[in-house]
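Below are two complexes that have chain A in common, paired first with chain B and then with chain C.
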Partner chain A sequence: MSERPTVRLLDYGVGNIHSLTKALQRAGLDVELAPATDGAGEADGLVLPGVGAFGPAAQALAPVRDEIRDAVADGLPLLGVCLGMQLFAEGSVEGEGRGLGLVDGKVGPLDADRLPHIGWNTIEHARDPVEALDDRHVYYVHSYALPDNPHTVAETTYGQTFPAIVAFDNVIGAQFHPEKSSQAGRVVLDAYANLLEAYR
Partner chain B sequence: MSLAKRIIPCLDVDDGRVVKGVNFQDLRDVGDPADLATRYMREGADEVVFLDVSASKEDRSTTLDVVQTTAEQLFVPLTVGGGIRTVEDIHDTLRAGADKVSMNTAAVQRPELVTEGADRFGRQCIVVSVDAKRVGDGEWRCYTHGGSQATDLDAIEWCQELADRGAGEILLTSMDADGTLDGYDLKLTRRVVDAVDIPVIASGGAGTLDHLEEALVEADASAALAASIFHDGTYSVEETKRFLADQGVDVRQDT
Partner chain C sequence: MNVIPAIDLYDGHAVQLRGGNPDQRIWDSDEPVEEARRWWELGADALHIVDLDRALSSGRDNDDLVHDIVDESPVPVEIGGGLRGARPIRDLLDPHPTAKAIVATRAWKDRPWLDHICEEFPGRILVGLELKHGTIAVEGWTERTKLTLEEGLHRLDGQDLGGVLLTDIDREGKMMGPNIDTAETAVEELDVPIIASGGISTIEHLQDLEAAGVDAAVVGTALYTGDLDFEDAQEALA
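Entry: the complex of A and B
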């Protein structure tokens, strides 16, 4: 068997990326950190982390947006976490700028009484490749969510039902934080590690 | 199923070690922060809070090293408070591996800091700690500097202002109840929960598991923070959550 796959984690310059780095390593992956403007690079996979706001992140990604889109279309395994998954959409009402356009529609605000949605909430309707998460608690910190879309493979309800996980082709994204979701978080990271094997 | 109520152990950290004292006197070393935090995680803690009680700036930089070591092993959220004064402090603490920062005195002295932090890092990582002391029936005042200095701020109004300014959560400590083990100030907690539309963490006074249930159900706090009952080994986080689940409180039980 070959050596561990390496994934590139794009850093928008704010917030905590240590935890996601450590969680990816724990899932058997090597991680290289790069500024967002460095784009997809030559690693085996690309990870968009989940810290910050949509506008600044979209702005940071703008110069490399098309390069990332092309690389993903060519089979580069992509993981998006929280904001990183929201960047799959075409845009967001949270801020200016274009997302990657991998998922149709715009990210919108959650329709709930108490925001942000912070804490452990339940995964519903989980199916392949994350069916092991059904009915388990995962850790959320967000006020916005992806629109309903055909790539949704798990949902959560807080005020409204929203996509918790999307998965299609060589792409997987989680609205919650797998790196902060204790054992349950491993299901998403392992699914991504499997994608990396499948697309090597 | 819905959003679960959270149980949060709080650790006082001084010069890189977890300490425990009575009324901040006679601090004594009770262990390594990363070891204790990960132990609580394995028992089912939903988050962990580090409160930096270091007196000097040098000791605070030691705390950042501790945050980094801890974050590498902790797979639940970590909040770090104590000594956060500027946007740079927030940045440094988050980059060290904290998921959220908590501030009190600095927010009172310069409320714009809350908004600046929320705009730059997202409101979800800005926790404002409010230390409230009862001054009359249904009236509470805010204190700063670890509870040693009174302000003119009405606690309920201040919490509303914090929510408007972009705070992501309020960590509400009753100074009357803190350290008594007689239970949370439920009236105060309920008033703040009803007054703001962001999550409220109840703190101060937990002595029994019934107290935690009261804070989460009667006062409807999003989370209950406790220190002594966990550190003293009175209850483990695991049996706390089992108790709450048996009472019908929605808590996360798988770890």
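Entry: the complex of A and C
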């Protein structure tokens, strides 16, 4: 408990990761930034941020995909945000390349009249470890979502119901942006911080 | 990043004013609901409505028009201008579950009130942070506080806000371009969406804001003068 855990935030080379970095720091974590191609590294945890498109991100991760999978299987706490959570799947309709294959199936487009799904929406059916989020509003920017899967611990509806949060073993992911969702976002970051303690 | 068209209401009209002066109208329409519809039909994901009568304490308000627009809008609407009490905020937010209220003056002058209204409407209050010569201005920009940007952001840290609406008053309505440094600071300091407004008039301005991590940009004047084409702007952004 004495030292702040350090997490590695992988940069796929597109988009802005400042606000996620700051939010992780506010949740009590030290953050080291690394190019995606550097892989899991030696940090206490790994974070896949939510910027860019599936294809280029999967391509950036391809050389280190197996290394990350092995590290996660060995207990490395993993947080995925938005696209970062979609990378848990086997692949995506959005672009070529393999995801980490931690969640079965492929990421698909939301079945909604208007895309992207952008702005605040409600969390439904929230359960452990994020039951505090039930009925809370969180901030979304996305057009794709994970398929239905048994690791879903919270959902949101926009055109269709989709997984808002998945959590299993040492892995947690959010389709929304915790770093933009104020106090509700902190619930997810705190759950991740708890994983870092539990798997230390 | 989201481009949010601004609809400023004054005496039943949708207007664009130069420097916030009702006597200097850059653009004027007596069909505000039609103007709003035009934006969501072009694909706007949100609308930004300011009641200038309330903001300027003219003795009038445009509440009926605001309700008409929000009732019809298929996209979320953020509403501001002179909102200083809990009652007008409840009147706006209770009937419209996706609407948000923008508060500025009272948010900076009365901290317990801000705490209370954020608790009542978690995630649905946007705080207007309006910078004039480096400090936060209130009372329709006529009065400056001693709060710097950093002090203001620090004060908002931990509030359950729907976002912060960052306006550089020195640039508003003058199409001078946004202040990227202040936007970057806000993005880094707060875990809520940062919405930039004031002086945004080119696709390059929008791209600079997007690169700074800003979540949405409110554009008024440039969309109405035709300096910025809404669909071109949407296309140029990720």
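In this text, the second predicted complex is superposed on the first by the 199 of 200 C-alpha atoms of A that agree within 3 Å, B and C clash if a C-alpha of one lies under 4 Å from a C-alpha of the other, contacts with A are read in each partner's own complex, and residues count from 1 in each chain.
Methods note: contacts are C-beta pairs under 8 Å (C-beta built on N, C-alpha and C of every residue); 3 or more make two chains touch, one makes a residue touch a chain.
Small disclaimer: the values here were computed from a predicted structure and weren't measured.
Trainee: In the superposition on chain A, see if there is space for chain B and chain C together, and answer fit or clash.
Mentor: The answer is clash.
Trainee: In the superposed arrangement, does chain B or chain C reach more residues of chain A?
Mentor: It is B that touches the greater number of chain A residues.
Trainee: Is A:Gly97 in contact with chain B, with chain C, with both, or with neither (first, second, both, neither)?
Mentor: After superposition on chain A, A:Gly97 lies in contact with neither partner.
Trainee: First (chain B), second (chain C), both or neither: which does A:Thr157 touch?
Mentor: first
Trainee: Is A:His142 touching anything from chain B or chain C once the two structures are fitted on A? First, second, both or neither.
Mentor: Once the two structures are laid over each other on A, A:His142 reaches chain B alone.
Trainee: Starting from the residues of chain A touching chain B, keep only those that also touch chain C in the other complex, and list them.
Mentor: Shared contact residues on chain A: 15-16, 18-19, 22-23, 114, 116, 118-120, 136-137, 139, 141, 179-185.
Trainee: Which of the residues in chain A come into contact with chain C in the complex?
Mentor: These residues of chain A touch chain C: 15-16, 18-19, 22-23, 26, 114, 116, 118-120, 136-139, 141, 178-186.
Trainee: Which residues of chain A touch chain B once you look at their complex with the stated criterion?
Mentor: Against chain B, chain A makes touches at 14-16, 18-19, 22-23, 51-53, 113-122, 124, 135-137, 139, 141-143, 157-158, 177, 179-185.
Trainee: Where on chain B does chain A make contact in their complex?
Mentor: Touching chain A: residues 1-6, 41, 46, 68, 71-77, 91, 94-99, 119-125, 168-169, 197-199, 222-223, 252, 254-255 of chain B.
Trainee: Report the residues of chain C in contact with chain A in the complex, numbered from low to high.
Mentor: Chain C reaches chain A through residues 2, 43, 45-46, 74-76, 98, 100, 122-124, 158-162, 184, 187-189, 191-193, 210-213, 215, 238.
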